[in-house]
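Each of the two complexes below includes subunit A, the first together with subunit B, the second together with subunit C.
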Partner chain A sequence: MGKVISIHSFRGGTGKSNLTANLSATLAARGYRVGVFDTDVASPGIHVLFGINDVPASASLNAYFWGNCSIQDAAVDVMPALEGAGVPVSASGALYLVPASIETGEIARILHDGYDVGLLNDGILGLMDHYDLDFVFVDTHPGVNEETLLSIAISEVTIIILRPDQQDLQGTAVTIELARQLECKNLQLIVNKAHRNADHAVMKASVEQKLGAPVIEVIALSDDMVQFGSGGVYCMRFPDHDYSQAVGRVADCLVAAGTASQLSDRRVS
Partner chain B sequence: MNVLETPPLPKAKHEARVLLLNHRLNGCASLIRGLEVAGFAVTGIAVTPASSTDPVHLVVVAISGVDDSACSVVEQLRQSERFAATPILVISDRFDPSVAEEYLHLGATDFLSQPSAGRVLSGWCERILNSQQSDWLFEEYVRERRRSGAFDRVIIPLSLALFGERDHGRMLETILLEAKALCLADGGTLYLRTSADTLEFTMVHNDVLGISLGGSKGSVTEFPPIPLYRPDGGEPERRYIAAYVANSGLPVSLPDLYDSSNFDLSGPRNFDTKFGYRTLSILAAPLKNDAHRVIGVLQLINARDPLTGEAVPFDPQQQEAVESMCRLAAAGLEAYARMQKLKEQISALHLKIDEAKKREQVSQIVDSDYFKNLKEKARQLRMKTPRA
Partner chain C sequence: MSGPEIASGVQALLGGVRSAASPFRTYLKDLHRRFANDSEGRVADYIPELAKAKPEWFGISVATVNGLTFEVGDAQTDFTIQSVSKPFVFGLALEDNGRDHTLSRVGVEPTGDAFNSIIKLDTKSGRPQNPMVNAGAISTAGLVKGAHLTERFNRLGGMLSRYAGRSLPVDMAVYTSERSTGHRNRALAHLMLNFGMIDPNVDETLDLYFQQCSVLINARDLAMMGATLANGGVNPLTKEQAIAPEYVQDVLSVMYSCGMYDYTGEWSYRVGLPAKSGVGGGVVAVVPRVMAIAVFSPLLDERGNSVRALKVCEAISKDLGLHLLAHSPNRRRLTELLPGIVD
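Let's turn to the complex of A and B:
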């Protein structure tokens, strides 16, 4: 059985979707089988990073929620988007994305009606079973709405991304407290968009001390990333960049923390 | 040769001092009278110049035909430090192009044959002095243009660059390299004062030797820091130039390293021996902050004459410019340090959590029936899945 990992942030703009895309791609390139659920249904966007410009309403996470398609039908194989980007991709790796609909009507409907997190849970389990996935990432909607909190509750690991500023820190502190109330035990933090001149070790220690949760990486704000925009999965294009190296270390942590021995068989050395 | 070392040129003819070296020229006395009547001060009538250091603006060598001793005198004058740049007029009682050519070849400025009257000679002298003055003024003009150009090109852009620079290593590099460029110096060293009261080599550069250490390339590990206080009793260290400058807050300019006994110069002399180099001049200036505390020392070696390229002492204008630059550099480094401190403070400020606010927000949510239901939903979801 694979691991379900929620990638969450209290506020938007933390780089959550970018990190989810890069992290999942890094693991897939290493030979792991990975699924990604875009549950940021109010403002979907991760599909663009995988080179998908159009999400058909009939094959999306929304369609699955309304019972219009199976979860397998909603999942898109995005592995080809990684191949040819410059980084060697392991043949045993797999990457499936379940995108959210980008149609305005669909977004309005799901915002109004909400969705059944039980169905999401079933979808995750179904896809994991169908494709024999090692990791499933849930790219959540920022904030503390019901669906998001429940998504966190059903995940084995929750990674909360924050920027090193007052608002993010305050909001993240509240989110962590709520997650603990929901009995989520494996909470980890990533500080993103830190100043490049800041002492990252000091920042890590300070955030850990104030929030009482481990910081697995402090990632510097990168002008190169900003310039790259949504042009693709950055780590696949620039594997030697500091950002890609940082994402690689996060991937190492996830592999090491969980069922590493079980997963290692898949890796192509 | 440094032209600035020659005596100041006369403002009027009566201030011009002419040294006459007479080598058996008939009628020389009447020529001297003619010069004096014309307003020149003729001094030191002799065969060879006396060892006096009185200023001389023109040397007249009077000869009769080919005279080996006169040739030798002209040659010696040119090789001497005192007369190297002084115009020399050779006067002869007969015209012989080959003789004239020989004297000119040896370094004479001009050759005049058969000066029939003192007035002719004085006119000739006047023309040479005017020409010399024009040359001197032109050279000064060129130097001044280069100096003022250096101010425009270096000082103003430097101040802008220093305050915009965010990379400490590049900032150090800019300070040293621009100061070096300002004086056309061979090289230099930038020391920064440490909290342990030592001067740390942060950058060492020498164009001639191809040495470039520190700055953006990292720290200089080749040279140990210079202590500012003596180990025996803690007195301020004043034996070494950089330590003296740091402790006194005063600049030091040595025209010739090997002609100075005020400091322990074994360090630079050992450096010369090791690298086969010749350090002539040294200029060291303090980097003082707003509180007049010396935070570093900038030391330059071997200024170069902009016209001849020869190693020369640092002139007072260069020293003034380097001192101005050091004030700018100190302000730039202080501003950088303040910015770093501010960043840390901002960073610390950003990492504060208002615990009371957090508790209130959390309790508002978790105490609600909505959240109690949510907890129950979460529990049921986890029960359904084998992962939880």
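Let's turn to the complex of A and C:
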């Protein structure tokens, strides 16, 4: 059985989708079998980082929720998007994205009608089973809602991203409190967009002290990332960049979390 | 919203998420799929309103004593409570009159007869044999206190609503239909009046009884009602006391010995849980201190029990080791599917 990793932030624009895309690509390139769910049905976007412009309404998370397609039919193989970018990609790796529809009508419908969150659970476990995945990442809508909480409840590791910002800090405390009530097993914080002159060790200690949860990484605000503007999966193009290195360390932690030994034999060096 | 309202809203949200994430939900979905195409049995037609039920309707709901709720299929489709009301009203009669007086009006002995058998009264006392056959249920309804019909029904309906955790309506069409066609029940009531087993306000008590049978519920309500019994009379979500804890055992005992019409012996042998069935297609089975299972499917067998409900309950009882009389039930699967529910 693979691991579900859910990625959250209390506020938008924090860097969830970029981190999700980069982490999943890093692991797939290392030879793991990975799935990604875009559960941000209100403001979908991670597909753009994998070079997808159109999400057909007939094969999307939305279509799966309406019972119009199976979860594997909603999943797109995005492994080809990683190849040729510069970083060698292991032949045993796999990367499937279940995108959310970007059609106005579809977004309006799902916000208005809602859906049975139980189906999200079935879909995540179903895709994991179908493609024999080692990791499934769940990219989420900012804040707290039913699918956010569901992904926390079923995940092996929950990552909450925040910026060094008072609003982010306060909101993150709310998410942490709810995650605790759901007996969240492994909760990790990542501070993103830290000022380049800030002392990361001091920032880590202060956030940990304020929120009572471990910070696995402090990532600097990068002009290069701003300029790149979600134009692809950054770490596949610039593997030596600080951002990519940080993503690599988080990936190491995820591999180590739980049943690392069982997964490591899949790695092809 | 007030502080406690927000807190209970958060708990409801978390509860919904916990059950959506639970492997027990997947188990119930598989079970539902397994029996969905099983179309054995037929829809009750003794009153026209019941005949309108669709044979494909099929819902399963489970509520646990720690407040988790699960539902699959048509768990929110309304149906009339019918005979499933009987054990709950027996509980109210006990609260209103105590054990001695209640048991002087209705016994607790199984009959082995069909639910509508004309009458089988205790030869010496003239007492109907148990609160689950129609004669006993009418005599039990007669014990519900109140100055007039409205007050009596408000107390009875309020009691059922406390079990369910929401205000339950009455299906007026079914009520009127039962009322105008319930000749057999009228005859039973008058016969019992003759034996002194029911007070002289027979017509009022019959009206109360017909209303009681016409309360609209769905599988989710029924699971909550059962879970309230499993939880010592306290609704696991609203925390309201629906019945005094000392009478819970009385209610569960008659369900165990008389709850499934003339199939009760075999049911208790195979499933081993106190349960109650109704011709509306609902069945509730109670696992004391753990949970309740409610199944709704209007396809009935010749005894008046929902066929799919029998199959679902038997499967769950076997799969999860729920038979109450098993010496060392294997509850490993139950603990896996619902961690923290049994010690």
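Everything that follows uses one rule, which is that the second predicted complex is superposed on the first by the 269 of 269 C-alpha atoms of A that agree within 3 Å, B and C clash if a C-alpha of one lies under 4 Å from a C-alpha of the other, contacts with A are read in each partner's own complex, and residues count from 1 in each chain.
The rule is short, and it goes like this: a contact is a pair of C-beta atoms (placed from the backbone, for glycine too) under 8 Å apart; a residue touches a chain by one contact, two chains touch by 3 or more.
Because the structure is a prediction, the values reported are computed rather than measured.
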Quick check on the subunit A-based superposition: subunit B and subunit C, clash or fit?
clash
With both complexes superposed on chain A, which partner does A:Ile154 reach: first (subunit B), second (subunit C), both or neither?
both
Touched partner set for A:Lys210, first subunit B, second subunit C, both or neither:
first
Where does A:Ile71 make contact in the superposed view: on subunit B (first), on subunit C (second), on both, or on neither?
neither
Pick one for A:Met225: touches subunit B only (first), subunit C only (second), both, or neither.
neither
Taking the superposition as given, does A:Asn121 touch the first partner, subunit B, the second, subunit C, both, or neither?
both
Determine, under the contact definition given at the top, whether A:Asn197 touches first (subunit B), second (subunit C), both, or neither.
first
Who does A:Leu182 touch here: subunit B (first), subunit C (second), both, or neither?
both
Looking at subunit A, which of its residues have contacts with both subunit B and subunit C?
117-118, 121, 125, 146, 149-150, 153-154, 178, 181-182
Of all residues in subunit A, which touch subunit B in the complex?
1, 3-4, 117-118, 121, 125, 144, 146, 149-150, 153-154, 156, 164-166, 169-170, 173-174, 177-178, 181-183, 195, 197-198, 203, 206-207, 210-211
Any idea which subunit B residues touch subunit A in the complex?
166, 340, 343, 347-354, 357-358, 361-362, 365-366, 370-371, 374-375, 377-379, 381-382, 384-388
Can you tell me which positions in subunit C touch subunit A when the two form their complex?
10, 13-14, 16-21, 25-26, 29
Residue numbers on subunit A that touch subunit C, as the complex places them
116-118, 120-122, 125, 146, 149-150, 152-154, 178, 181-182
